[in-house]
Structures are given as structure tokens and as C-alpha cells.
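Shared chain: chain A. Partners: chain B in the first complex, chain C in the second.
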Partner chain A sequence: MEQIIQTLILGIALGGVFALMGSGLSLVFGVMRIVNLAHPSLIIAGAYVTYWGFRLWGIDPLVMLPVAAVVLAGIGVLLYKLVFEREARSAKYSEMTVLLTFATAMIVEGALGFMFTNTQRVTSPGYATDAIFIGNVFIPMGQLYAGIVSLVIIGALAAFLKYSRFGNAIRATTQNRDAAELLGVNVNLVGIMSFAIGIGLAGAAGALVSFVFSFFPAKHWEWVAVLMSLVVLGGMGSILGTVLASFLLSIIAAFVGVWFGSTWSTMTFFLALFLILLVRPQGLFGEKPELA
Partner chain B sequence: MGELLEVTNLTAGYGDGPSILDGAHLSVEPGKVHCIIGPNGAGKSTLLKAICGMLKIRQGDVKFNGQSLKGLRPDQILRKGICFVPQERALFPKMTVRENLRMGGYSLDDRSGLERSIDEIEERFPILKERRDQHAGTMSGGQQQTLSMARTLIIKPAIVMLDEPSLGLAPKIVQEMFDIMKMMASEGITILLVEQNALMGLKNSDWGVVLDLGRTLFKGPAPEVLADPRIQELYLGGKKAA
Partner chain C sequence: MRTEQLRGATALTAVMAILAMPVWAQDGPIKIGASLPLTGNFSVSGTKHQQGYELCIRQINERGGVLGRQLELIVSDNRSDPATAINQYERFINVDGVEAVYGTFSSRLSFPVASILAKNGFVHPLPAGGALRIYTQGHKNIFYFQPNAAEYVGASLADVLENLVPADGAPKTAAIISADDFFANGVWAGLLGEKVMDPADGSEVADLAPGYLAERGIEVVFSERWPEEGFNDWLNLANQVKQADADLIIGLTASAEEAVQLTRAFKTVQATAEMVYLSQGTQTEFLEGTSESSNGILVHTSWHKDAPFESVLGGEPYSNADFVATYEAAYGVVPDEDAAIPFAVCQGIEQAMIGAGTTDNPAMGDWLHARTKEDPVRTILGRFNWDDIGLPADKPFLMTQWNDGELQFVYPTDEFEGVSPMSYPKGSF
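The block that comes next holds the complex of A and B.
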């Protein structure tokens, strides 16, 4: 029983972080129909921003989080302006964006490796290695903080999308781009902002990742399939779906890890991606496969 | 004569493709219902898209109150008071009815005035009030069309362009849509209607415009167009019984 609760807690904590990692990806896909393969590499970039803030000046990763978010949001705007804006009018938009995001991932990885070497890093604030015990069940503080902060950020994002004027414009553009434009929404601005927010979320996730996992520039490859499985299971572009999928798969992965060993734990996400695409390509909540 | 909207010798098409419209003319009179008819692929929808700025004007001109709309974006044209309800109805299926109405007023700066206008519209269309918190995509076709049309009223438009509002609706519901349209016209809103069902469309309109192969063939008072033997033969042929 204790073992089950323990595993559940670890799964939930990790689920929160994955939810934040996936929600930025989901937002960008929803608005721009771009499967951003560079998203995980940008999360790593956010982790490096946080790492150096901590290592050089001793700034707490949670304080570095907004800094990483803003830096990455800026990079997001640049990426949009330099790479994706002109592609938006191309007839081969989908194919092009897959190649371009792949190339972007390689460039980000290369740049990070060049600047910071391929050494494994981790930020180590005191709480990263702390745990609280409730009976025999332990809750690692680092993961607990990361999970809570993730949920707060996702909650703020959801409220912004639901209740603000511009958030409504983003949702409207996701659901029907032409209609939004006809009603006076500047869809290009929505594209820029969704990139800024989506990549900014990657930065924020990176700040959390920096003390939950150890990382190095090429680490993002492991996450591409993990994040894809979350976004696909969530129904491509649905942020709520992505969040629920994150918890579901993380909890399953935690149990798989306990029962079959940690290699299989990661395999959970790959297998899930494969199975979802075969059995229910529209995801948990999607109505129809949009990537037909 | 003071035309509200004047389309002259308009040429337009999609992307780098061929010109779909080639020499379209149209003069639109204030407060009247104009019905554009023509066979499939004639360019009726294309004409409305060119007027609202979704397509680039290649040649010719579109003038609103004497000012050219050439080169303006859809949002700029909307702010001048020209609303377009496309064939696909342009709703946001996973937003609530109320949120859809609010998006209709996205171009307005007066936010509290907007909430009041939405309340007014809910009073006029009780079904929208009843369904306000429901996702638009879960409503019936007629309700969705009602929402699309009611939504245009929020910006107090000068011209509303409706592309096949009857599409996929039962005949009884179709008449309801035409009634809403005529009510809008009676309030001084100018209507540009595209109808596949020429007979129904013309019966509910003041003017008839016949478009084929991207050019205007004919414009006249709707009853005259209805009675014209050429039109009878070309477009109303199989529907005499109605």
C-alpha cells in the first residue's frame, strides 16, 4: 500500500513538470499548426539559463524561472520572425516546419554544447535533495516544488486563455483562423505571441527541469517522444488534454518503473505514442485527427 | 445615385492561381437586400471574399462610401462596417455562445459597451441566451446560423454579407434565417446575400444579381429577375414547382 502511494506521489510530481513542458508545445501547435521538434531543446536552454544564474550568483532556480521564461520568450519571437513567419504563406508549410524545427533543435543543441560543453549539469538548491516524510512515504521537495509551480503556471495560462481578451483571440485563432481574422483579430500578432508564450513556457519548464533532472545539450532527444506522446494523447493543441495526459502517463510510467525497472518506465511514453497513433489518433479529447 | 458599395471591373483569385473573378460589377444600395445567384463555381463566394479583404484585388476596384477598399486587410474593412458570414459560418466550436458573441465585438474598443450589446442581442435572440454557456459546436445548424448572423449585429454594421445561410438547413429553418435577414434590413443594414437556392433567395430580396464565369451578367429588381425567361431557364429550371 505504502509503495503504491509512494509511486503515485512520484508520478504526480513528475506529471506536473511534464505538463508544463508539454503545454507550451501544445499552445504553439494549436495556433500555428507547427509540431515544434525544437521545443525540448529550448527547455534545455532554459535549464542552462537557470543553471548559470544559480552557479554564478547563487540565485534560486525558482527566482531564475521568470528570467528563463523571458529570455526564451525573446528567443521564441526571434525564431518566429526569422524562420516561421515567412513559411506561413508556403504551400508546403507542414513539411517545411517539421524540417525547420528539426534543424532548429540541432542548432540549439550545437550552440549549447559549444558554449557550455557536454558535461552533465544540475542546479542544486537545498530543497532539491530534501524530502519530507509522512509515515514511511517520502515526498522529494524538489519534485514537489516543481510540480506545484508547474500547476500554478498552467492555471495562470488557462485563466489567461479563458478570461482575457487576447487569450480569447488566441483560442479563437486555434479553432478557426479565418473566422478570427474576419472578426478583426490580427492573426500574425497572435502567432508571434503564441510563440513568445509557448517558448517562454519552455524556459519556465527548463528552470524546473534544471533541479529535477540532470541535463546536457543532447538530453532533449529523450524528451521529443515523451512530449509528443503527451500532446498527441491530449488531442493535439488542447492544453487541458496535454495536462491530463501528462499526469496519466507519468503515473503509469512511475508504476511501470517500479514493477519492470526504470528502462521500461521511459518506454511507457514511446509505447503510448505508438498505441495512441494506432488506436486513437485524435487523442483523449480530440474530435478528429487534424494531421491527416 | 449614392451607392453604398460599388464594385467595378473586379479581377481576383486565390494565391498565384488564375483569376476567378474577371470583370465583376456590382452596385449595392443602402438598406436593401441584394441576392447574388449563379451556378456552382461561378465565383459568388470569391466575390464576397474579395470585398471583405480575404483576397487581393488584382484589377478594378471596390469602393465603400466612395472610398477604395483596395489593399486593406480584413480587420480594417470590418472596422469600416462590412461584415462577412462565410459559407462555413465561422464560429468557434469549442468556445461558448457568449464567447462567440464577444469575439464578434473583438474590433470594438469600448469593452463595457460590448457586454451591453451582447445582452441586447441575447434579449432579441432568446435561444442564444438559453445556450449562452454551451459550446457553439454543440448547437444545431439553424442555431449556429442564428448565432453567426446575430453576431454581426454587435458592431452595428453597415453591410452584412451572407454566404449561403440556408446551407444544410431544413426549409422551415431556412425561412427563419431569411426572416432574421429581413429584420436586419428593416433596421437599415444593407444585405449582400449569396444563395444557391435562387428561387428562395430572390423571393426574399429586393435586388437580384446574376453572376457566371466570374462576371456579372445581369442585375435587376428581384421580381424581374425571377420572371426573366433566361434566368428561369438557366438557374430556376428544375425548381418551378416550388
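The block that comes next holds the complex of A and C.
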């Protein structure tokens, strides 16, 4: 029983971090139909912003989080204007963005390697490797903080989308871009802002990643498939779905790791991706794809 | 008649031009190709390999080059991908016209590259590629610039257990966890006494039974592998190791990054052990990521900054201390073995060119094969001579231990001065 509780805690802890990592990806797809393969590389960029704040001035990663989010949001605006805006009305937009974001990921990786070298980094605030013990069961403080901050940010995002005027515009654009434009929504501005928020979330996730995992520029390739599996299971574009999928898959992976071995723990995410696409392509909360 | 004379003169000129071509080519720099993982999973080590190669080439050129010619290094990024590495070596040889090559990083990349270089008759100096299977393919052109194959790395740990640990307090149980990686699997096979099979035809390469741990009377109470890429569940794995309550924890990490993740996870779950050994973690990044948790952790290495190795570079004496000072001046940090090993590869090829008096690869290969214990290749990693399959003869790994933020070498104790006493037991992280 103790082991089950412990495994559950570790699964939840990992899920909290993945939830924020996947939310920005989901938002960007939901609003803009961009399958952003560069999202994990931008998470790494956020981790570097945090790392240097910590390294140079000793600023706690959690304090650096808003800085990383704002810096990355700014980069998001630039990226959108330079790369994605021009083709936004193309019939093949989603397909094209796969290639564009793949190229962007490689450019971001190259730029990070050039600026910061390929040396691995990690921030080490005191809580990163601490744990609270209740008997033999422990709760890792780093993951706990990351999970709580993650959920607070996602909650704030959900509230913003639901209750603010601009949030309503984003949701309307997510549901039907043309109808939203007919109703007077500035869909271009919504696009830019949504992309900026999505990439800002990558920056925030990067701040959390900086003390939960070690990272280096090429690390993002390891996360692409994991994040995609979360977003696909949740339903492309559904933030709530992504959050639930993050916890669900992380918990399953933790139990698989204990019962069947660590190799299968990682496979859980990839198997889930295949199964979902075969059985329920729209995921838990996504829209059913229309037949052509 | 005049036309025939003209034709004859033209033909003669053409023949002379063709005959003169090698002379022209040899007036230029000696091109050397190296395909390295500058991006992708092995980028941390790959980048340092590039620095090691470049620093060595620069210093050789400053000393007047080799055989009266300057060296020119051509580096390509193989993105940690074996197929790309193969293509790049083919290109070096068939398009760029290199006269020699330096090896790449990791067993995973070196294994397929070995066949290409053997096919083309090029000397293959390996900075990293310890899996025994690389050397049992029958290639005669391979020369490994680390002390031994991965399968025999465990011998150093066994020696430490035998010679440095008090008999009444020696570990009796072990938990062994490993990356599912070419190199780490080799170390695993040696420690657990498994058979090494040739992946091509399924034949037996070596039977390592009973294994170094069994020889020391150590019972393995937990063993587990994690996947080569994409593994994130370090806390879960560390907790399983903790539950096994073993005296000796062996973490066969494939990179310094994994060593950092694993050590931090051990600290979080508050694991304890009498002794902890990792197969990677000599790098400064390991210390930065683990700080005081690193205390007491043993890591084998091929090189240490304080080892008083004397070598040759550009025909002049060149000490290990010279390398450390030059590297620090060039890159602003203290080097680690990922930079030192490729530097030694470059020294070895330089000495082969000078020794053979040519850049002809078969001649260089013959000269390297002819090295003996008394007349070895001298590098900042110490002396090298090789057996028939290309593994160094009678060369032990150095066993190092992190103590108070410093990587000290603790074994072997009789090689040279400066050996620190090993701290034991380790206790908590």
C-alpha cells in the first residue's frame, strides 16, 4: 500500500510539471491551428533565462518565472510576425506550420547552443532536491512547488479565457475563426496574443523545468513526443484535456515503471499516442474530426 | 605531322600534370576529418571533443605542423545520428580528400563508422567507443585511446573493492541500474558476467562469467535499465533503489546529464549506501548540478588533470599540466576527460604520421601496431600500445572520487604520486 501511495504521489508530481509544459502547446494549437514542434525548444530557452538569473544574481527560479514568461512571450510575438502571420490564411496552414515549427526548433536549438554552449545546466535552489517525509512516504518539494505553480498558472489562464473580454475573443476564435471575425473579433490580434501567451507559458514551464530536470539545447527532442501525447490525449486545443492527460499519463507511467520496468515507463507516452490516434483521434475533450 | 606533335606535347603535358598532382596536394595542409555529435543527445561531450581536437591541431601548427605541412581539421556535426556520421566519413574520404580521420564520440556512433573506415583503409583512432563488439569485428585499423573496453571497466571497481575497502566493512549487496546504452550495457555485462554477443550473426564474442561482482562475493539485489532517450522518472527509479537497501549502488549512466539527474534523485529520496559508483560524472557540470551530494561518489576515468603524464606534441615534450593550462587559457574552464581524450587521439595520429614518415594510412597503422610498452605512443592520457584488436595493453582506468568539490584520483595507488585516500563509507547524498 505504501508503494502504491508513493508511486501515485510521484506520478502526480511529474504530471504537474508536464501540465504546464503541454498547456501552451495546446493553446497555440487551439487558437491558431499551429502544431508547434518548437514549443519544447522554447521551454529550454525559458529554462536558460531562469538559469542565468539564478547563476548570475542568485534569483530563485520561481521568482525568475515571470521574467522567463515575459521574455519568451516577446520572442513569441517576434516569431509570429516573422514566421507564421504571412501564411495564416493559407488552406494548408496547419500542414505548413509543422515544417515551419520544425525548422524553428532547429534554429532555436542552434542559437541556444551558440549562446550558451551545449553544456548541460540545472538550477539548484534548496528545495529542488528536498522532500517531506510522512513515514516512509515522501513528497518531493521541487516537484510539489512546480506542480502547485503550474496549476495556479493554468487556473489563472482558464479564468482569463472564461471571464475576460479578450479571453472570450480567444475562445470564440478557437471555436470558429471565420465566425469570430464576422462578429468583429480582431482575429489577427487574437492570434498574436494567443501565440505570445502560449510561448509565455513555455517560458514559465522552462523556469520550473530548470530545477526539476537538467537541460541542454538538444534536450527538447526528448520532449516533443511526450508533450504531443499529452495534447493528443487531452484533445488538440483543450487545455483542460491536456492537464488531465498530463496527470493521467504520468501516473500510469509511474506505475508502469514500478511494475514493468523503467523502459516501459517512457513507452507509456508513445503507446498512448498510438492508441489514442487509433481509437479516439479527437482525444478526451477534442472535437470529432469531420469527414471530408 | 605538326598536329601529331601538338597532340604528343599535349598528352605529355597532361601526363606530367597528373604525375605532379600528388606533389601539389602534399604542398597544402594535411586535411583531417572528424564527424562529431555537436547537437543531439551527445552534444555535451561532442562539443568538448571538438575543443580537444582543435586545441591540439592549433598547437601542432604553432610548432611548425607535421612533415613540414600544416594540419587542417574539418569538423561536421552528425547530430548524434549514426547514419549521418557514416555519410560524413564517406564524404571526408571521397569528396574532401582527407588524409586522416579522428574518431567520433560514443560506441553507438563508432560501431557503424568502424566498418566504413576499415573498408577505406583509414586508421580509426577512437576517443570514445568502448563496447567490445566494436573491436571483435575483425578490423585491423582500430586504435582505442582509452584504457580498456567497457566490458572490462568493472575491473577497476573490483580492484578498489579488493584493495581500498576494509574487508570487514565491504559491500555484500549491490543495486545496479543502467542506461540502455551501447557503452553502459557493456559495463553491465562485465559486472554481471553476461555473454557478449555479436549483433550481426549472434555469435558469442566473450563470456564474462562469473562477473566482477560475483567474484567479489557481492549479491545483486536490484537491477534495472532505463531507456536511452526520453526518460524522466528519476525519482521513481531512485526510490526503488533505496527500497532495495543495497550496500553498493552502481549507476551506469551514459552521460553526465544522467549522472546529475540520478544523484539529485538519490538525494531527494534520501537514499544511503556504503559505496556509490557511477560510470559518468567526472565533468565540472556534474559538480555544478549535484554540489555536496557528489561527495564520496566514485567515477572511473581515463584522465585526470593532476596525473603527471608526460607526452609529446609537435616533436617537443608536452605535459598534462601544459594541456590543462593551455585549455584553461583557450576556453576559460578546467578541461575534463571529454576534451583530454580527443587531444590524446590527435597526439597519437601526429606521432603516427611522424613515425611512419607519411600520411599513408596503412603505414601509419603499421607504425601504431608496432608500438610496445617500451616504445609507446605518448599522450596526455599516458602511454599507449595496443593488442591485435586495437585495445590498449595493460592500461588500467583511473578511479576518481568527488570530495569537497574536488575530483581526486584514488586508484591505482602505485602509478604515480598525488593519489588521495578514498573516503568510505559514503553514507547519505
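Throughout what follows, the second predicted complex is superposed on the first by the 287 of 292 C-alpha atoms of A that agree within 3 Å, B and C clash if a C-alpha of one lies under 4 Å from a C-alpha of the other, contacts with A are read in each partner's own complex, and residues count from 1 in each chain.
In this section, a contact is a pair of C-beta atoms (placed from the backbone, for glycine too) under 8 Å apart; a residue touches a chain by one contact, two chains touch by 3 or more.
Note that the structure is predicted; figures quoted are calculated from it, not measured.
Student: Per the contact definition in the header, classify A:Gln6: touching chain B only (first), chain C only (second), both, or neither.
Tutor: Touch status of A:Gln6: second partner only.
Student: Just chain B (first), just chain C (second), both, or neither: which does A:Ser164 touch?
Tutor: The answer is neither, since A:Ser164 touches no partner chain.
Student: Now for A:Ala254: first (chain B), second (chain C), both, or neither, which partner does it touch?
Tutor: The answer is second: A:Ala254 touches chain C but not chain B.
Student: With the two structures laid over each other on chain A, which partner does A:Gln175 touch: chain B (first), chain C (second), both, or neither?
Tutor: first
Student: Using the touch definition from the top, say if A:Asn186 reaches chain B (first), chain C (second), both or neither.
Tutor: first
Student: Examine A:Ser90 and indicate which partner it touches, taking first as chain B and second as chain C; both and neither are also allowed.
Tutor: In the superposition, A:Ser90 touches no partner, neither chain B nor chain C.
Student: Counting touched residues of chain A, say whether chain B or chain C comes out ahead.
Tutor: C
Student: Both chain B and chain C contact which residues of chain A?
Tutor: Comparing the two interfaces on chain A, one with chain B and one with chain C, no residues are shared.
Student: Spell out the residues on chain B that touch chain A in their complex, using ranges where they run on.
Tutor: Spelled out, the residues of chain B in touch with chain A are 15, 52, 54, 74-75, 78-79, 84, 86, 90-95, 99, 102-104, 106-107, 111.
Student: Once bound in the complex, which stretches of chain A touch chain B?
Tutor: That would be residues 91, 165, 168-169, 171-172, 175-176, 178-186 of chain A.
Student: Chain A touches which residues of chain C in the complex?
Tutor: Listed in rising order, the residues are 38-41, 43-44, 46-47, 80, 180, 224-227, 229-233, 235-237, 239-240, 243, 255-257, 260-261, 264, 267-270, 285, 288-289, 291, 293.
Student: What does chain A use to touch chain C in their complex?
Tutor: 3, 6-7, 10, 13-14, 109-110, 113, 117-122, 124, 128-131, 133, 138, 140, 142-143, 213-214, 216-218, 221-223, 225-226, 253-254, 257-258, 261-263, 265-267, 269
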